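Chain nomenclature is as follows: A, B, C, D, E and F, assigned in order of appearance, with residue numbering initiated at 1 for each chain independently.
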Amino acid sequence: MKISARNVLKGTVVSVEKGATTSHVKIEISPGQVVTASITNAAVESLKLVAGGPAYAVIKASDVMVAVD
Amino acid sequence: MKISARNVLKGTVVSVEKGATTSHVKIEISPGQVVTASITNAAVESLKLVAGGPAYAVIKASDVMVAVD
Amino acid sequence: MKISARNVLKGTVVSVEKGATTSHVKIEISPGQVVTASITNAAVESLKLVAGGPAYAVIKASDVMVAVD
Amino acid sequence: MKISARNVLKGTVVSVEKGATTSHVKIEISPGQVVTASITNAAVESLKLVAGGPAYAVIKASDVMVAVD
Amino acid sequence: MKISARNVLKGTVVSVEKGATTSHVKIEISPGQVVTASITNAAVESLKLVAGGPAYAVIKASDVMVAVD
Amino acid sequence: MKISARNVLKGTVVSVEKGATTSHVKIEISPGQVVTASITNAAVESLKLVAGGPAYAVIKASDVMVAVD
(Lines give C-alpha, C1' and ligand atoms only; values in the text may rest on other atoms or scores of the structure.)
Protein backbone atom coordinates (compact mmCIF):
# COMPACT_ATOMS: atom_id res chain seq x y z
CA MET A 1 0.00 0.00 0.00
CA LYS A 2 1.25 3.44 -0.96
CA ILE A 3 -0.07 6.38 1.06
CA SER A 4 -0.56 10.09 0.34
CA ALA A 5 1.06 11.09 3.65
CA ARG A 6 4.26 12.93 2.64
CA ASN A 7 6.21 11.87 5.71
CA VAL A 8 7.17 8.21 6.10
CA LEU A 9 10.21 8.03 8.41
CA LYS A 10 11.92 4.66 8.77
CA GLY A 11 13.18 3.65 12.19
CA THR A 12 13.20 1.21 15.08
CA VAL A 13 10.63 0.88 17.86
CA VAL A 14 12.24 2.00 21.13
CA SER A 15 9.31 1.45 23.49
CA VAL A 16 5.59 0.68 23.61
CA GLU A 17 3.64 2.01 26.60
CA LYS A 18 0.07 0.72 26.78
CA GLY A 19 -2.69 2.66 28.51
CA ALA A 20 -6.36 1.80 28.97
CA THR A 21 -7.29 2.42 25.31
CA THR A 22 -4.34 4.44 23.97
CA SER A 23 -0.66 3.47 23.59
CA HIS A 24 2.46 5.60 23.17
CA VAL A 25 5.00 4.19 20.75
CA LYS A 26 8.50 5.68 20.47
CA ILE A 27 10.39 5.21 17.19
CA GLU A 28 14.05 6.19 16.73
CA ILE A 29 14.29 7.59 13.18
CA SER A 30 17.98 8.53 13.31
CA PRO A 31 20.59 8.29 16.09
CA GLY A 32 19.21 10.25 19.04
CA GLN A 33 16.09 11.44 17.17
CA VAL A 34 12.97 9.81 18.59
CA VAL A 35 9.39 10.33 17.43
CA THR A 36 6.43 9.60 19.76
CA ALA A 37 3.16 8.28 18.30
CA SER A 38 -0.11 8.09 20.22
CA ILE A 39 -2.16 5.29 18.65
CA THR A 40 -4.89 2.86 19.72
CA ASN A 41 -4.05 -0.33 21.64
CA ALA A 42 -5.84 -2.18 18.83
CA ALA A 43 -3.30 -0.85 16.32
CA VAL A 44 -0.36 -1.90 18.50
CA GLU A 45 -1.75 -5.44 18.58
CA SER A 46 -2.66 -5.52 14.90
CA LEU A 47 0.83 -4.39 13.85
CA LYS A 48 2.51 -6.58 16.55
CA LEU A 49 4.67 -3.63 17.61
CA VAL A 50 7.44 -4.50 20.06
CA ALA A 51 10.61 -2.71 21.16
CA GLY A 52 13.46 -3.47 18.81
CA GLY A 53 11.31 -4.09 15.75
CA PRO A 54 11.44 -2.01 12.55
CA ALA A 55 8.66 0.55 11.96
CA TYR A 56 7.82 3.75 10.13
CA ALA A 57 6.48 6.97 11.65
CA VAL A 58 3.86 8.25 9.19
CA ILE A 59 2.70 11.88 9.32
CA LYS A 60 0.37 13.85 7.02
CA ALA A 61 1.99 17.12 5.85
CA SER A 62 -0.96 19.17 7.14
CA ASP A 63 -0.21 17.88 10.66
CA VAL A 64 3.35 19.24 10.68
CA MET A 65 4.00 22.68 12.14
CA VAL A 66 7.18 24.72 11.84
CA ALA A 67 8.93 26.64 14.62
CA VAL A 68 11.97 28.90 14.84
CA ASP A 69 13.98 30.09 17.84
CA MET B 1 7.70 29.08 24.75
CA LYS B 2 7.62 25.39 25.66
CA ILE B 3 4.99 23.27 23.90
CA SER B 4 3.18 20.04 24.79
CA ALA B 5 3.83 18.57 21.31
CA ARG B 6 6.13 15.60 21.96
CA ASN B 7 7.94 15.86 18.62
CA VAL B 8 10.20 18.86 18.00
CA LEU B 9 12.72 17.89 15.32
CA LYS B 10 15.56 20.32 14.64
CA GLY B 11 16.65 20.84 11.04
CA THR B 12 17.25 23.16 8.12
CA VAL B 13 14.68 24.56 5.68
CA VAL B 14 15.28 22.98 2.26
CA SER B 15 12.52 24.71 0.30
CA VAL B 16 9.43 26.90 0.64
CA GLU B 17 6.73 26.52 -2.01
CA LYS B 18 3.98 29.13 -1.75
CA GLY B 19 0.47 28.47 -3.04
CA ALA B 20 -2.60 30.73 -3.06
CA THR B 21 -3.18 30.43 0.72
CA THR B 22 -1.13 27.38 1.73
CA SER B 23 2.66 26.80 1.59
CA HIS B 24 4.68 23.60 1.64
CA VAL B 25 7.88 23.82 3.65
CA LYS B 26 10.50 21.06 3.52
CA ILE B 27 12.85 20.65 6.51
CA GLU B 28 15.84 18.30 6.51
CA ILE B 29 15.98 16.82 10.02
CA SER B 30 18.94 14.50 9.42
CA PRO B 31 21.05 13.78 6.32
CA GLY B 32 18.62 12.61 3.64
CA GLN B 33 15.57 12.69 5.92
CA VAL B 34 13.19 15.46 4.89
CA VAL B 35 9.88 16.37 6.53
CA THR B 36 7.18 18.25 4.60
CA ALA B 37 4.92 20.71 6.43
CA SER B 38 1.76 22.23 4.97
CA ILE B 39 1.22 25.58 6.70
CA THR B 40 -0.45 28.92 5.95
CA ASN B 41 1.32 31.56 3.85
CA ALA B 42 0.80 33.90 6.81
CA ALA B 43 2.91 31.59 9.00
CA VAL B 44 5.70 31.46 6.42
CA GLU B 45 5.84 35.26 6.43
CA SER B 46 5.52 35.60 10.20
CA LEU B 47 8.40 33.15 10.80
CA LYS B 48 10.43 34.57 7.87
CA LEU B 49 11.08 31.04 6.61
CA VAL B 50 13.62 30.80 3.78
CA ALA B 51 15.64 27.95 2.33
CA GLY B 52 18.85 27.44 4.27
CA GLY B 53 17.56 28.79 7.55
CA PRO B 54 17.25 26.74 10.76
CA ALA B 55 13.80 25.48 11.79
CA TYR B 56 12.01 22.82 13.80
CA ALA B 57 9.34 20.43 12.55
CA VAL B 58 6.76 20.21 15.37
CA ILE B 59 4.24 17.35 15.49
CA LYS B 60 1.66 16.39 18.14
CA ALA B 61 2.00 12.73 19.17
CA SER B 62 -1.66 12.05 18.34
CA ASP B 63 -0.94 13.02 14.72
CA VAL B 64 1.76 10.38 14.26
CA MET B 65 0.80 6.98 12.83
CA VAL B 66 2.92 3.85 12.76
CA ALA B 67 3.39 1.48 9.82
CA VAL B 68 5.23 -1.79 9.27
CA ASP B 69 6.21 -3.59 6.08
CA MET C 1 2.78 -1.58 4.21
CA LYS C 2 0.35 -2.01 7.11
CA ILE C 3 -0.70 1.15 8.94
CA SER C 4 -1.92 1.88 12.48
CA ALA C 5 -4.77 4.07 11.19
CA ARG C 6 -7.94 2.19 12.16
CA ASN C 7 -9.98 3.40 9.20
CA VAL C 8 -9.05 2.20 5.72
CA LEU C 9 -12.13 2.50 3.50
CA LYS C 10 -11.95 0.97 0.04
CA GLY C 11 -13.55 2.84 -2.84
CA THR C 12 -13.27 4.48 -6.24
CA VAL C 13 -11.90 7.94 -7.04
CA VAL C 14 -14.79 10.13 -8.22
CA SER C 15 -12.88 13.36 -8.87
CA VAL C 16 -9.55 15.09 -8.41
CA GLU C 17 -9.58 18.90 -8.13
CA LYS C 18 -6.12 20.45 -8.15
CA GLY C 19 -5.40 23.80 -6.51
CA ALA C 20 -2.14 25.76 -6.30
CA THR C 21 -0.56 23.40 -3.74
CA THR C 22 -3.51 21.42 -2.37
CA SER C 23 -5.88 19.00 -4.13
CA HIS C 24 -9.32 17.73 -3.17
CA VAL C 25 -9.92 14.08 -3.96
CA LYS C 26 -13.39 12.53 -3.70
CA ILE C 27 -13.66 8.77 -3.11
CA GLU C 28 -16.96 6.85 -3.24
CA ILE C 29 -16.72 4.24 -0.46
CA SER C 30 -20.20 2.78 -0.92
CA PRO C 31 -23.07 3.69 -3.28
CA GLY C 32 -23.86 7.34 -2.67
CA GLN C 33 -21.36 7.72 0.19
CA VAL C 34 -18.47 9.97 -0.85
CA VAL C 35 -15.47 10.95 1.27
CA THR C 36 -13.46 14.11 0.49
CA ALA C 37 -9.71 14.18 1.14
CA SER C 38 -7.57 17.32 1.10
CA ILE C 39 -4.03 16.25 0.21
CA THR C 40 -0.93 17.78 -1.43
CA ASN C 41 -0.65 17.99 -5.23
CA ALA C 42 2.62 16.05 -4.82
CA ALA C 43 0.70 13.12 -3.31
CA VAL C 44 -1.84 13.15 -6.16
CA GLU C 45 1.00 12.86 -8.65
CA SER C 46 2.96 10.30 -6.65
CA LEU C 47 -0.09 8.02 -6.34
CA LYS C 48 -1.20 8.74 -9.92
CA LEU C 49 -4.74 9.39 -8.73
CA VAL C 50 -7.34 9.76 -11.50
CA ALA C 51 -11.12 9.60 -11.56
CA GLY C 52 -12.32 6.04 -11.95
CA GLY C 53 -9.31 4.43 -10.30
CA PRO C 54 -9.42 2.36 -7.10
CA ALA C 55 -8.27 4.01 -3.84
CA TYR C 56 -8.61 3.87 -0.08
CA ALA C 57 -9.62 6.71 2.23
CA VAL C 58 -7.38 6.38 5.30
CA ILE C 59 -8.27 8.12 8.58
CA LYS C 60 -6.64 7.97 12.03
CA ALA C 61 -9.21 7.15 14.75
CA SER C 62 -8.26 10.27 16.73
CA ASP C 63 -9.35 12.40 13.74
CA VAL C 64 -12.91 11.04 13.72
CA MET C 65 -15.61 12.90 15.62
CA VAL C 66 -19.11 11.68 16.42
CA ALA C 67 -22.34 13.63 16.10
CA VAL C 68 -26.00 12.95 16.88
CA ASP C 69 -29.18 14.74 15.75
CA MET D 1 -25.79 23.21 13.57
CA LYS D 2 -24.16 22.92 10.15
CA ILE D 3 -20.44 22.18 10.11
CA SER D 4 -17.63 22.87 7.61
CA ALA D 5 -16.32 19.29 7.87
CA ARG D 6 -16.91 17.79 4.42
CA ASN D 7 -17.45 14.25 5.67
CA VAL D 8 -20.56 13.49 7.71
CA LEU D 9 -21.27 9.77 7.42
CA LYS D 10 -24.57 8.50 8.83
CA GLY D 11 -24.56 5.17 10.65
CA THR D 12 -25.28 3.16 13.77
CA VAL D 13 -23.14 2.86 16.91
CA VAL D 14 -21.75 -0.69 17.08
CA SER D 15 -19.76 -0.42 20.31
CA VAL D 16 -18.47 2.05 22.90
CA GLU D 17 -15.26 1.11 24.74
CA LYS D 18 -14.42 3.45 27.61
CA GLY D 19 -10.85 3.95 28.80
CA ALA D 20 -9.51 6.13 31.61
CA THR D 21 -10.07 9.43 29.72
CA THR D 22 -10.53 8.32 26.11
CA SER D 23 -13.24 6.15 24.50
CA HIS D 24 -13.31 4.26 21.23
CA VAL D 25 -16.64 4.37 19.43
CA LYS D 26 -17.34 2.16 16.41
CA ILE D 27 -19.97 3.30 13.90
CA GLU D 28 -21.21 1.13 11.02
CA ILE D 29 -21.69 3.50 8.09
CA SER D 30 -22.74 0.86 5.54
CA PRO D 31 -23.10 -2.94 5.78
CA GLY D 32 -19.70 -4.27 6.88
CA GLN D 33 -18.02 -0.85 6.81
CA VAL D 34 -17.14 0.30 10.33
CA VAL D 35 -15.44 3.56 11.31
CA THR D 36 -13.58 3.88 14.65
CA ALA D 37 -13.57 7.21 16.48
CA SER D 38 -11.32 8.03 19.42
CA ILE D 39 -13.09 10.69 21.49
CA THR D 40 -13.17 11.89 25.11
CA ASN D 41 -15.27 10.06 27.72
CA ALA D 42 -16.93 13.41 28.35
CA ALA D 43 -18.18 13.48 24.75
CA VAL D 44 -19.56 9.94 25.02
CA GLU D 45 -21.57 10.98 28.06
CA SER D 46 -22.66 14.32 26.62
CA LEU D 47 -23.97 12.66 23.43
CA LYS D 48 -25.39 9.67 25.36
CA LEU D 49 -23.77 7.28 22.89
CA VAL D 50 -24.81 3.64 23.27
CA ALA D 51 -24.54 0.62 21.00
CA GLY D 52 -27.50 0.46 18.63
CA GLY D 53 -28.15 4.18 18.55
CA PRO D 54 -27.92 6.36 15.42
CA ALA D 55 -24.81 8.54 14.99
CA TYR D 56 -22.68 10.30 12.40
CA ALA D 57 -18.95 9.93 11.90
CA VAL D 58 -17.64 13.45 11.17
CA ILE D 59 -14.21 13.98 9.57
CA LYS D 60 -12.49 17.16 8.33
CA ALA D 61 -11.25 16.75 4.73
CA SER D 62 -7.69 17.70 5.73
CA ASP D 63 -7.63 14.67 8.05
CA VAL D 64 -8.34 12.18 5.24
CA MET D 65 -5.42 10.50 3.48
CA VAL D 66 -5.55 8.47 0.28
CA ALA D 67 -3.82 5.16 -0.38
CA VAL D 68 -3.49 2.84 -3.36
CA ASP D 69 -2.37 -0.79 -3.60
CA MET E 1 -26.67 18.34 15.35
CA LYS E 2 -24.62 17.85 18.52
CA ILE E 3 -20.94 17.05 18.05
CA SER E 4 -18.33 15.24 20.18
CA ALA E 5 -15.77 18.02 19.63
CA ARG E 6 -15.25 19.54 23.09
CA ASN E 7 -14.50 23.03 21.81
CA VAL E 8 -17.30 25.02 20.20
CA LEU E 9 -16.44 28.71 20.48
CA LYS E 10 -19.12 31.21 19.49
CA GLY E 11 -18.04 34.31 17.59
CA THR E 12 -18.32 36.54 14.54
CA VAL E 13 -16.67 36.06 11.15
CA VAL E 14 -14.03 38.78 10.70
CA SER E 15 -12.76 37.82 7.25
CA VAL E 16 -12.90 35.12 4.57
CA GLU E 17 -9.84 34.77 2.32
CA LYS E 18 -10.37 32.38 -0.58
CA GLY E 19 -7.50 30.52 -2.23
CA ALA E 20 -7.52 28.07 -5.14
CA THR E 21 -9.06 25.22 -3.09
CA THR E 22 -8.58 26.31 0.53
CA SER E 23 -9.96 29.32 2.41
CA HIS E 24 -8.85 31.00 5.61
CA VAL E 25 -11.68 32.17 7.85
CA LYS E 26 -11.05 34.39 10.87
CA ILE E 27 -13.56 34.31 13.73
CA GLU E 28 -13.45 36.71 16.67
CA ILE E 29 -14.44 34.64 19.72
CA SER E 30 -14.02 37.41 22.30
CA PRO E 31 -12.88 41.05 22.01
CA GLY E 32 -9.42 40.96 20.43
CA GLN E 33 -9.22 37.15 20.39
CA VAL E 34 -9.34 35.85 16.82
CA VAL E 35 -9.21 32.20 15.70
CA THR E 36 -8.10 31.28 12.16
CA ALA E 37 -9.64 28.25 10.43
CA SER E 38 -8.30 26.70 7.24
CA ILE E 39 -11.24 25.02 5.50
CA THR E 40 -12.26 24.07 1.95
CA ASN E 41 -13.78 26.64 -0.41
CA ALA E 42 -16.71 24.22 -0.74
CA ALA E 43 -17.39 24.54 3.00
CA VAL E 44 -17.28 28.36 2.83
CA GLU E 45 -19.92 28.28 0.09
CA SER E 46 -22.04 25.61 1.77
CA LEU E 47 -22.15 27.55 5.05
CA LYS E 48 -22.51 30.92 3.24
CA LEU E 49 -19.77 32.39 5.43
CA VAL E 50 -19.35 36.17 5.10
CA ALA E 51 -17.60 38.77 7.22
CA GLY E 52 -19.91 40.03 9.94
CA GLY E 53 -21.97 36.86 10.22
CA PRO E 54 -22.19 34.68 13.35
CA ALA E 55 -20.18 31.43 13.43
CA TYR E 56 -18.59 28.91 15.75
CA ALA E 57 -14.97 27.76 15.74
CA VAL E 58 -15.10 23.99 16.38
CA ILE E 59 -11.98 22.11 17.55
CA LYS E 60 -11.50 18.48 18.62
CA ALA E 61 -9.74 18.26 22.02
CA SER E 62 -7.02 16.01 20.58
CA ASP E 63 -6.07 18.85 18.20
CA VAL E 64 -5.36 21.33 21.00
CA MET E 65 -1.81 21.67 22.32
CA VAL E 66 -0.70 23.50 25.45
CA ALA E 67 2.28 25.83 25.79
CA VAL E 68 3.87 27.76 28.64
CA ASP E 69 6.34 30.65 28.63
CA MET F 1 10.31 29.56 20.18
CA LYS F 2 7.89 30.98 17.62
CA ILE F 3 5.46 28.53 16.03
CA SER F 4 3.59 28.45 12.71
CA ALA F 5 0.30 27.54 14.42
CA ARG F 6 -1.96 30.53 13.82
CA ASN F 7 -3.91 30.15 17.06
CA VAL F 8 -2.13 30.79 20.36
CA LEU F 9 -4.76 31.66 22.96
CA LYS F 10 -3.53 32.92 26.34
CA GLY F 11 -5.34 31.72 29.44
CA THR F 12 -5.28 30.03 32.81
CA VAL F 13 -5.30 26.29 33.54
CA VAL F 14 -8.64 25.40 35.13
CA SER F 15 -8.09 21.66 35.63
CA VAL F 16 -5.80 18.76 34.76
CA GLU F 17 -7.36 15.28 34.60
CA LYS F 18 -4.82 12.50 34.21
CA GLY F 19 -5.70 9.18 32.58
CA ALA F 20 -3.55 6.09 31.98
CA THR F 21 -1.52 7.71 29.17
CA THR F 22 -3.61 10.75 28.15
CA SER F 23 -4.58 13.85 30.15
CA HIS F 24 -7.32 16.39 29.62
CA VAL F 25 -6.33 19.97 30.38
CA LYS F 26 -8.89 22.76 30.55
CA ILE F 27 -7.74 26.33 29.88
CA GLU F 28 -9.96 29.39 30.40
CA ILE F 29 -9.08 31.76 27.54
CA SER F 30 -11.62 34.46 28.42
CA PRO F 31 -14.27 34.72 31.16
CA GLY F 32 -16.52 31.68 30.76
CA GLN F 33 -14.77 30.42 27.61
CA VAL F 34 -12.89 27.19 28.32
CA VAL F 35 -10.83 25.15 25.84
CA THR F 36 -10.14 21.44 26.44
CA ALA F 37 -6.85 19.92 25.30
CA SER F 38 -6.14 16.20 25.14
CA ILE F 39 -2.38 15.75 25.53
CA THR F 40 0.04 13.09 26.79
CA ASN F 41 0.74 12.66 30.51
CA ALA F 42 4.41 13.17 29.62
CA ALA F 43 3.61 16.66 28.30
CA VAL F 44 1.68 17.57 31.45
CA GLU F 45 4.71 16.63 33.56
CA SER F 46 7.22 18.29 31.23
CA LEU F 47 5.30 21.58 31.26
CA LYS F 48 4.49 21.26 35.00
CA LEU F 49 0.85 22.10 34.29
CA VAL F 50 -1.28 22.71 37.39
CA ALA F 51 -4.65 24.35 37.95
CA GLY F 52 -4.27 28.09 38.38
CA GLY F 53 -1.12 28.41 36.31
CA PRO F 54 -0.84 30.44 33.09
CA ALA F 55 -0.87 28.57 29.77
CA TYR F 56 -1.63 28.93 26.08
CA ALA F 57 -3.97 26.78 24.01
CA VAL F 58 -2.20 26.28 20.67
CA ILE F 59 -4.14 25.13 17.58
CA LYS F 60 -3.05 24.72 13.95
CA ALA F 61 -5.44 26.54 11.55
CA SER F 62 -6.05 23.36 9.56
CA ASP F 63 -7.49 21.76 12.73
CA VAL F 64 -10.18 24.40 13.17
CA MET F 65 -13.63 23.81 11.69
CA VAL F 66 -16.42 26.35 11.33
CA ALA F 67 -20.11 25.83 12.13
CA VAL F 68 -23.25 27.91 11.83
CA ASP F 69 -26.70 27.50 13.39
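Everything below uses one rule, namely that contacts are C-beta pairs under 8 Å (C-beta built on N, C-alpha and C of every residue); 3 or more make two chains touch, one makes a residue touch a chain.
Everything numeric here is computed off the predicted structure, so don't read it as measured data.
Participant: Could you tell me the least number of steps, going only between chains that touch, from chain A to chain C?
Facilitator: Minimum step count, chain A to chain C: 1.
Participant: Identify the chains in contact with chain C as well as chain D, in label order.
Facilitator: A, E
Participant: Computing the C-alpha centre of each chain, which chain sits at the greatest distance from chain D?
Facilitator: Chain centre farthest from chain D's centre: B.
Participant: When the contacting C-beta pairs are counted for B-C and for E-F, which pair yields the higher total?
Facilitator: Of B-C and E-F, it is E-F that has more C-beta pairs in contact.
Participant: Same or different: at the chain B/chain E interface, is the fraction of residue numbers used by both copies above or below half?
Facilitator: Chain B vs chain E: different; shared/all numbers falls short of half.
Participant: Going by the average position of its CA atoms, which chain sits the greatest distance from chain F?
Facilitator: It is C.
Participant: I'd like to verify one number: the distance from the centre of chain A to the centre of chain B, where each centre is the average of its C-alpha atoms, in whole angstrom.
Facilitator: 17
Participant: Give, as an integer number of Å, the spacing between the C-alpha centres of chain F and chain A.
Facilitator: The mean C-alpha positions of chain A and chain F differ by 23 Å.
Participant: Would you please write down the residue numbers of chain C that are in contact with two or more other chains?
Facilitator: 1-6, 19-22, 24, 36-40, 42-43, 47, 56, 58, 60-63, 65-69
Participant: Under the stated touch criterion, can you name all the chain pairs that qualify?
Facilitator: A-B, A-C, A-D, A-F, B-C, B-E, B-F, C-D, C-E, D-E, D-F, E-F
Participant: Touching residues of chain E toward chain F in the complex: what are they?
Facilitator: 3, 5-9, 24-25, 27, 29-30, 33, 35-39, 43, 47-49, 53-69
Participant: Under the definition above, what is the set of chain F residues touching chain D in their complex?
Facilitator: Interface residues on chain F, with respect to chain D: 17-24, 36, 38, 62-63, 65-69.
Participant: Considering the complex alone, what residue numbers of chain D touch chain F?
Facilitator: Chain D reaches chain F through residues 1-5, 19-22, 40, 42, 60, 62.
Participant: Would you tell me which residues of chain E are touching chain D in their complex?
Facilitator: Of all residues in chain E, those touching chain D are 1-6, 37-40, 42-44, 46-47, 56, 58, 60-62.
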